[in-house]
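Both of the next two complexes hold chain A, though its partner changes from chain B to chain C.
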Partner chain A sequence: METILFWLCGALMVLGGVMTVTQRSAVISAVWLIFAFVCAAGIFAILDAPFVAIMQVLVYVGAIMVLFLFVIMMLQGPVLDNEKRRLLKLPLWPAVAIPPVAVLVLVGGWIRRTGTRDFGGTVPEGFGQPAAVAELLLGRYLLAFELVSIVLLVAIVGALAIGKEARKLPWK
Partner chain B sequence: MDLLLETLSKIGFMFALIMGMVVVLIWMERKGAAFIQDRTGPNRAAIGGVRLAGLVHPIADVFKLLFKEDVAPEDRHRGLYNLAPWIVMTIALSTYAVIPFGDHLTVAGKQIPLVVADLNVGLLYILAVAGLGTYGVVMGGWAANNKFGFLGAIRATSQMISYEISMGLALMGLVMVFGSLQLTEIVAGQGDLLFGFLPRWGVVVQPLGFVIFITAVYAETNRTPFDLPESDSEIVAGYHLEYSSMKFALFFMAEYAHMVIGAALIATFYFGGFQIPWLPRPVLEAHAGTLLTIKLVGVLVASLAIAALFMRRVRNERNKFGDARDREPVLGVAFWLVLAAGAAGGLLMGPWNIGPVGADLMATFFQVTAFTVKLVFFAWLFIWVRWTLPRFRYDQLMYLGWKVMIPLGLANLVVTALVMAFV
Partner chain C sequence: MEVTLTHYLVLATLLFLTGMTGFVVRRNAIVMLMCVELMLCAVNIVFVAFSRLHGDGGGHVFVLMNFAVAAAEAAIGLAILVEIFRRRRTVDVDDLKALME
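Up next, the complex of A and B:
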C-alpha cells in the first residue's frame, strides 16, 4: 500500500514538475508547481515525516505560492495572445541539464558502491513528530535556528527600506 | 478491512452531518435574516400546500440550480474555470477529517474513536487545509476573465494571508495550555474542571485568544463583516460572479460548509468539543439510564405541548386561506404526536435499566448531541453577526488584521508563557 502510494505521489510530482516548465502561461505553471508541492508533501507523509509534510503544505502551498500567484495574476490575464512556444537557447541547455544529471549520477554511484537499495531502514520511535523536530530545533540546532531568524528579520527590514519612499520611513 | 469499514462509516457520518447542516443553514440564514429585519422570510415554496416554514425552499433551490442553463464567459481559461468550484468544495469538506465528534463507541467489544483521522499534527493540518481553500477562490476569480471577479480574487488572497497569521498565533496559545497539537487531546483536556467548578474550556483559559480566533475565522470564511471578496454592493459578487447553475451552487454550498467548519473549530478549540460540562464520560456512562429517562420524559412533555399548540391552530384557522395551506397544522399535530408516542413507547421499555452496552451507546449519543448543539449555536452566531454588522472598508480590514490582531496575538502568547512559567 505504502509502495503504491509512494510511486503514485512520485509519478504525479514528476508530472507536475514537467508541466510546470512546459507551460506558456505563468499562472498555469504556478498551479502545476502547487500540484507538485502537494505531491511532495504526500511523499514526506509516507516517509514518516508528518510534521515536514504539513509544513510543506502550510508554508510553500499555503503562503509562498499564494503570494506568487497574487503577483503573477496581477500581470497576466487568463487568455494569452498568440505567443509562440520557443525552445531555450542552445548555450543555456547545460545549465538546465547538469543539476538533475549530477543528482542521478551521485545516487547511482552510491547504490553501486554500497550495493544496497535500502535508503532508510527503520526510524526511531517518535521520529518526525512535532516534539522530536522541536527538540532538535530548540536544542541541538538552536544557534543556527536563531541566526536564520535574525537573517529573515534583517531581510524584512531591508525590503521595507527599499520598498517604501525614503521620507516615509519610520526612522527618517 | 474492519478499519476501512470503520473509516468509511465515519466519513459517511461526517459528510451527512455537513450536508444536512448546509441545508439547514441556508434555511436558517433566510429565516434569521427575516427575523432580524422583521419580515416573514421565504414561505412560497410548497409541496401539496405544505411549506414547513420555508424548509421546502432548499429543495426548490436544488432543482432550480440543477436544471438551469450553465452560462460561461467566452474568454475564460477553461481548465481552471471548471476546476475552481471543485477545489473549493473538496477543501471545505476535507477539514472535517481531524475534528472529533464524540469520545468513542464500543462495537463488538472494540473501542472506536469517533474521529476520522486522529493526526498528531491535527491542528497544523487544519491551518494548512484552510490555507489551501484560497486557491479555489483565486482561480475562480482569475479564470473567468472578469474585472470584478479578479478584484474579488485579489481581495480574497490578501485577506486570507493577513488573517491566517493571527489565527495561527491564537491557536498557539491554546497549544501551550493543553500541550498538544492533537485535537482529541485538546478536547480531552477541556473535560476537566478549573478550581473545582469552572469547566476548563478554551474560552476560560484563553479568553483573548478566543476573541482573536473567532475574528480570524470570520475573516477566513469570507462572512460579513469580512465579506469583501464578494461584497455585492461594490464588486457585484466578486469571485463567483461569472458562475451559474451547479458551479455556482458548489461555491454557495462551500461557503456554508466553511461556516460549519468554522463553528466546529470554535466549538472544538474553545467550547470543549463534544464534552458536556460537569458530566465527564464515566459519569455519563454510570447514569446513562437516568439521563435517558429524563430525556424521554422531556421529549414527551415538549412534543405534547407543541402538538397542543398546533391543535389550537387547527381549530382556529380552519378557513384562514381557503386552500391546501389550511391542512398544514394537521400535519404538525400528526408529527408531534408520533414523536410523543415514540417517547412514551421508549419509556414503557424501561430506559432506566439499559445495561453496559446501552450505557456506552447513550453516552456517545449524548456527546455527539452536545457537539451538534454547539455546532448549530455557532453557525447561528455566524448568521446573527452577518445581519447585524456592516462590512469593513478595505483599509480598516488591513489595519485590524496587521496592527491590532497580530500584536494582540503576540501579547497573548507572551502572557500565556509567563503565566505558565510562574504560576
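Up next, the complex of A and C:
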C-alpha cells in the first residue's frame, strides 16, 4: 500500500514540477505547482507526518499559492509569455544542463556503491501527531520558533515598506 | 520492491533539480519564484524522510520553519515584483537589467 502510494504521489509530483517549468502561461504553471504541493502532502502522509501534511495543504496551497495567483491576477500582464524570449538564450543551455546531469550521475554512482538504505525499526507512539510536534516546537526548539516569528515580522514590515509609497510610511 | 529512504532522497533530488533548472531557464519572474518554492518543497521531503529514519520529530519542526521562510520569501518577492511591474510594466527578467548596462 505504502509502495503504491509512494510511486503514485512521487510520479505525479515530478510531473507537476516539470509541467510548472514548461508551461507558457504563469497561471497554468501555478495550478500545476499546486498539484505538485498536494502530492507532496501525500508523500508527507506516507512518511508518518500527518501534521506536516495538513500544514502543507493549509500553508502552501491555501496561502502561498493563492497569493501567487492573486498577484498574477493583479498584474494583468500578458497572459502568455513571449514565445521567442520565454526561455534562456540557446547558447547558454549546456551551462544550465551540466550541473543537474552531474548531480544525477553522482547520485546514481552513490546508490550503486552503497545500495539503498532502509528506514528500519518502527516509529515511537504518536510520532508526527500535532501533540508530538507541538511538544518539540514549544520545548526543545523554542528559540528557533521565536526566531522564525521575528523573520515573519521582518517580512511583514518589509513587504509593507516596499508596497507603500516612501513618503506615506509611518516613520517618514 | 519496498520503498526505502533512498527512494525519497532521489525523489527530492529530482524535484530540486527541476526547480533549479526552471529557475535558471524561465524568464518570467513570477515563474522563477514558483520554482524556488518547488525547491523548498524538495528540501522539506528530505527533512521529513530523515525524521522518519531517526524516529525524531525535529525534522517536522524544521519543515514548519521552512514553511515560514517560504511564506516570507513569497511575500517579499511578490511585493518587489508588484513594485517593479508598477514602474516598468514588465516582469520579464531580460528587460530588467538597468544595473547591467
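We adopt the following convention: the second predicted complex is superposed on the first by the 120 of 172 C-alpha atoms of A that agree within 3 Å, B and C clash if a C-alpha of one lies under 4 Å from a C-alpha of the other, contacts with A are read in each partner's own complex, and residues count from 1 in each chain.
We take it that contacts are C-beta pairs under 8 Å (C-beta built on N, C-alpha and C of every residue); 3 or more make two chains touch, one makes a residue touch a chain.
Bear in mind the structure is a predicted one, so any value in this text is a computation, not a measurement.
Chemist: In the overlaid three-chain picture, which partner chain does A:Ala63 touch, first (chain B) or second (chain C), both, or neither?
Modeler: both
Chemist: Name the chain, either chain B or chain C, that contacts more residues of chain A.
Modeler: C
Chemist: Check the residue A:Ala49 against both partner chains and state whether it touches chain B (first), chain C (second), both, or neither.
Modeler: A:Ala49 contacts chain C only, not chain B.
Chemist: Counting only touches as set out at the top, which of chain B and chain C does A:Leu152 meet: first, second, both, neither?
Modeler: second
Chemist: Touching A:Ser29, do we find chain B (first), chain C (second), both, or neither?
Modeler: second
Chemist: Between chain B and chain C, whom does A:Met73 touch in the aligned arrangement: first, second, both, or neither?
Modeler: First partner only, chain B.
Chemist: Which holds for A:Pro130: it touches chain B only (first), chain C only (second), both, or neither?
Modeler: first
Chemist: Would you mind listing the overlap between the chain B footprint and the chain C footprint on chain A?
Modeler: Residues common to the chain A contacts of chain C and of chain B are 51, 55, 63, 67, 74, 77, listed in rising order.
Chemist: Can you list the chain C residues touching chain A in their complex?
Modeler: Its residues touching chain A are 1-11, 13-15, 17-22, 24-28, 30-31, 33-35, 37-38, 41, 44-45, 48-49, 51-53, 55, 57-58, 60-65, 67-76, 78-83, 85, 90-92, 94.
Chemist: With touch defined as at the start, can you tell me which chain A residues reach chain B in the complex?
Modeler: Chain A reaches chain B through residues 25, 27-28, 31, 34, 50-51, 54-55, 57-58, 61-63, 66-67, 69-70, 73-74, 77-79, 129-130.
Chemist: Can you tell me which positions in chain A touch chain C when the two form their complex?
Modeler: Interface residues on the chain A side: 2-3, 6-7, 10, 13-14, 17-18, 20-21, 26, 29-30, 33, 36-37, 40, 43-44, 47-49, 51-52, 55-56, 59-60, 63-64, 67-68, 71-72, 74-75, 77, 81-82, 85-88, 96-97, 99-100, 103-104, 107, 111, 116-124, 127-128, 132-133, 136-137, 140-141, 144-145, 148, 151-152, 154-156, 158-159, 162-163.
Chemist: Quick check on the complex: what are the chain B residues that touch chain A?
Modeler: 75-77, 79-80, 119-121, 124-125, 127-132, 134-135, 138-139, 142-145, 150, 153-154, 157-158, 160-161, 164, 181
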